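Two complexes come next, and they have one chain in common, subunit A, joined by subunit B in the first and subunit C in the second.
Showing the complex of A and B:
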């Protein structure tokens, strides 16, 4: 091969390498250009099972001492799609709360119906649901009812703080009083799931939630959620059973099923 | 014949055995201590050991049947006696929208807290009037679950007497008293039902109607005379006809409104034109609201009774206030108060519950009474008491 041929070959190789480098770089560059709203849209729109039955253990730890609960939740529906979000929880242990249950129906218009089943009293009690109820602790844990029920995407303004190592840090500032001054989501751009949420209140970090995921039936499902409070207490949710893409009809979200 | 019966039983067990899923045995051990505040005398409190068996037949989530049984062993240290009692024990069959259950059951239709105007099915254990306990009774129950409509029908084959307050909660009768017996005949069977419509209005609206025919759980007293002198009294649980209505509305913003009314006539008296002393009306109206983590309940209670021939009607108004708060995952505080405006008497009851460990709970309650000696609660002023209970559930 003559020198001109070598030069042409080297140039072609360099051009191919440069093109490949550009092609490899562009997705990252495009992702870095995403706005906070776009990042959170991807999070909210990431694939989720249609209906699910999850069994979990909840361990509340404070001052070195722990209390544990196990419960099963049935969920279906998506308010973002104009459906009523239905959630039913039943406690499996310990024995003094076993059988207690909670039914929550969140309608697309924002109205929420809540029922509580207390086996010891033999009654289903309707609950009034308001902003202050949402800020109450979820069964004595470090989660609030609002943390468990989920936030409404449109209630926040989002802005990207940083993008490094494939992780977006997005600050979500509430547009109305929602119990927190701001939330900071740490979103993994490879799965569009948040690995961590920092909850800020009164200018201070109030608590942090970290989430571990695993592939279950093709979905990235949480296996462990840890909420650590600045006061030193923590609540860990460990998921021990998954039934995904279940056809959960209305019969699962009734007083009758709540009492069974 | 005997072989055929044995074969049939074994076959049934073999067939049904695999269908029995999720049988769960649980129980509790409870130790109680109480004392009267003024005298320092100990309050007779039983020590309890309870065992419970629950199970489902068929699929866990949509079973064909469900069963539950509770047995309670009580030891009274004051008398050193032990008693065994069957608590709730029932079998429930699920068939489409119908639930059919038989056995010892408690039927709780009421949505209010301190007073239950529409709970007429079960007798109440008033051994300690500050802690009334519904007693399970044998009955058949058919519930129709029709989407927004629920129809709950009950039939009791025979009547069970309540446990009335004894000394020091009730005055001893100056005359010997005998109870009229209620024979276990079809004539004395009780039946009734509650219909509820759950409407998706605002954050939820429940409207209910109740009708019931049975016997009252508060005895009427009839003096027996020898000549002109009363020598004894007969206490009778009169035939009862009851109608009631209830409503619960969650309008939003965390508020819950509820009202419940029950009208009863005795001795087969006409509902619209009852005879003297044979009609009464009880109503409760109130709200629930969560204020900064404190659950607040306020209720107004009205009690009307048609007077006997010689006297006029009686009307009493009371107010109930309850506040409760959970502090962390272990501590719950509650304070309840009842005030009767006629006579200005009432009760104040602060309570505390602390979870020591999973399944182990400590409960403490104090009950203070105030008012004149001739008032409902003032008559119990010397009965102000404290109670502690330690319960382990397994």
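Showing the complex of A and C:
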């Protein structure tokens, strides 16, 4: 073979090798090419039921002692879609709090109306909203109201830290004061659900949330959420009943239903 | 032993080299030593009550607190409230601060237009006059706030309660908090709490090196006065530095922290170690003055005086090691460091000192005739006097003992931390100012075990809170009951407590809706089986604290009934039980020291000689504590150490007893033997007293009150031992040791 022939052969070999390498890498390359915003868009846009009735058990544990409560929540509406977010919570157990309830109506303009019903007191009290409501703990647990209600997508800037084993690690940096310095989401690219969120405050890991999912009526719904705080306490939410895509009319979000 | 001595003398350079290397290694250990300024080191770490206290801290997240009181003409004006808000935010930003409770971010529940509002007590900057009027009204009427918890009723002060993560260094946190307060508050402020006390301890301990230098200089001055030769300074200096370095280094390599009371150890090592040099060099110079050469002088020094120094060193170390039985870290550390340092001094005096003397040229000493010098002549006359009047001298001693017992009966124990700091120190000044403004500066925590959702128990708890405030020196009291009382009034519009279990549970649900896990569990644990009652009290003596706690216990029984049991904890409570521990440590260390010294002296010398000497030492200790009682000096941790310290330090008195016994066996009459013993051994005893006294005098410069008091009392003690050794001891020898039996080993002393 002459020198020109050798050169052609070498070049062809190199091109084949390069093409094979590119083909092998392409799925990963395509995945890793997603930006933080894109990953979180997929998370936020993943299918969610319209209205739902969920029954859950909440167990708060600290220093070997625990406090258990079960409650049912009715939720409907999405402020991001210009709807009023309606949430009603009723405690089922223990017996001394059974029947107590909270009703929260959040309008697209941000105005909030909250009602509190304590059966033992025998009257409904209207609660005023404070600017720091969302950052308050959810019934003395390791969750804040904001953790339960969800963050607003647009309130954060997102950046991918890593992508390995199908899991994206995305750092979300808040654009305004939201009680945390940053959140780090660990998103499963096969379901576009986050399996874990790390909450950072003051340069330290303040708490971590891990979520287990199951398919319920076609939706990936959390079955168990565990929030572990750096101070040693933990709160577990276990979901025991799901009624999804419910048409929840206004009658569910009234003082009357609250008192039933 | 003789062969070993010869071998070491032949290799003097090797000996010096060994000590230099070993001391360098020890010095590295000393550099590793960490100084711990925490007040926790004052308390017995493994005591069940301490463990219980830590458990309560963990359960309720109480942590460590600093209270800052801000003073102004009126804190309830916009400018001041803005400053308090800014200060609160800045303090929250300090790493290690877990929570700040102040006027501006205290939660408030109020009714407006039919709605129940939850908001910050001071909602925004520059509140209007109407808002300020509302704040004043809330502070005056709200059940949880009306006792002046957040602000004085007349507006002259505002209080900040700063919770600190216990894993952070308290003294550093105090400095950081102080800096932030100075930057944000233009006006007077005072602070108190464990961080402030830790900072004060840090300041005090910075003076320890200077104290050690003063002690060393005084000791060297006395040595020079005694020997009138540079050798009399240089050689002891080397020996003392070995003792000091090895003592510090040993603890450093073991990873033991240097704690406040351990300031006594370096001074004790220097003082006691110098007495070894005194005796050995005294013999060396005596032999030189008799015309002997250097080699002969060194051999005679070691042969005749070495064993005595060895036994004394053992005896003193043994009495120091009795402190290892204490429950308190700083006492154990003090005992260990002193024991190791003294053993090192003893070893250096028997090995390094001869080597140095061997290498250095002998000083020119004028041959001394048989005629006594001035001191010896006076001592001889004293010895002769004692020989003529032993019984009246003993009777005088007995009378002094009786008087001392009266003084001992007047001793007031006080282990409260406040007694450890000078009254004009920033920590104490701050404490009194905070007490006046806040109603107390320390807390007693009462843990209530019972059903904290039982309305009857909660009513009892509220009654307890109300009635506790009428006990003298008790300030505001906080518990779940006061929170529920406020909440019930706001939710229902009615004063009083929720009447049913369901209402208690549901109102607590509302309380929990506004707080984190840590907030909620700061008053009651998660299953409502334990609640914490925080009682603010004045810092008083431990006996007064015990009385307060007894009254609180009785009140709890009367108001809570059989439905609950209570346990007390908190720094204040722990200080009150510290007294029992200190007294127990005192009894054990003193008894053991007497026993050990008696055993050691008996084994080497004679039991009777040891017994007679110990009796005299005991007399001195009784006198020492009698003086303490008569002068109203409180009995604390440091004075508890004095007994065993005196036994160990005063052991040199046995040199006189042994000298007397030797002269008796030589055939001298008892009176003549005593005269000789006082004239010869007495000189060493006089100089030893001055050297020891001079060394301990350095402790009087400490601003740490127990250490300074110990210094003063030790000066008294060493001189009392000296005087008793030259009066009571010779008299006791004449009465109880007129015909001593043959001793196991003869030891010759000056």
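Everything that follows uses one rule, which is that the second predicted complex is superposed on the first by the 232 of 260 C-alpha atoms of A that agree within 3 Å, B and C clash if a C-alpha of one lies under 4 Å from a C-alpha of the other, contacts with A are read in each partner's own complex, and residues count from 1 in each chain.
One rule holds in what follows: a contact is a pair of C-beta atoms (placed from the backbone, for glycine too) under 8 Å apart; a residue touches a chain by one contact, two chains touch by 3 or more.
Everything numeric in this text was worked out from a predicted model, so none of it was measured.
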*Check subunit A with both subunit B and subunit C modelled on it and let me know: fit or clash.*
clash
*Check whether A:162 is in contact with subunit B, with subunit C, with both or with neither, and answer first, second, both or neither.*
neither
_Which partner chains sit in contact with A:252 here, subunit B, subunit C, both or neither? Use first/second/both/neither._
first
*With the two complexes superposed on chain A, say which partner A:260 touches: subunit B (first), subunit C (second), both, or neither.*
first
*Just subunit B (first), just subunit C (second), both, or neither: which does A:94 touch?*
both
*Scan A:202 for contacts with subunit B and subunit C and give back first, second, both or neither.*
second
_subunit B versus subunit C as contact partner of A:116, first or second or both or neither_ = second
*Based on the superposed arrangement, let me know which partner A:240 touches: subunit B (first), subunit C (second), both, or neither?*
neither
_According to the stated criteria, A:60 is in contact with first (subunit B), second (subunit C), both, or neither; which is it?_
both
*Given the superposition on chain A, at which of 221-229, 401-409, 455-463 or 725-733 does subunit C overlap subunit B?*
455-463
*What part of subunit A is shared between its subunit B contacts and its subunit C contacts?*
60, 62, 67, 94, 96, 121, 125-128, 130, 132, 136-137, 139-141, 233
*Contacting residues of subunit A [partner subunit C, same complex]*: 60-63, 65-67, 91, 94, 96-97, 100, 102, 116, 118-121, 125-128, 130, 132, 136-142, 202, 229, 231, 233, 235
*Enumerate the contact residues on subunit A facing subunit B in the complex.*
60, 62, 67-68, 93-96, 98, 107, 111-114, 121-123, 125-133, 135-137, 139-141, 233, 251-252, 254-257, 260
*Would you mind writing out the residues of subunit C in touch with subunit A in their complex?*
58-59, 61, 95, 112, 114-120, 453, 491-492, 498, 500-507, 509-521, 525-527, 529
*Note which residues of subunit B are touching subunit A in the complex, please.*
26-28, 56, 61-63, 66, 99, 106-108, 110-111, 134, 143, 145, 150, 198, 200, 202-204, 206, 248, 250-256, 288-293, 326, 328-330, 355, 357-359, 361, 391, 393-394
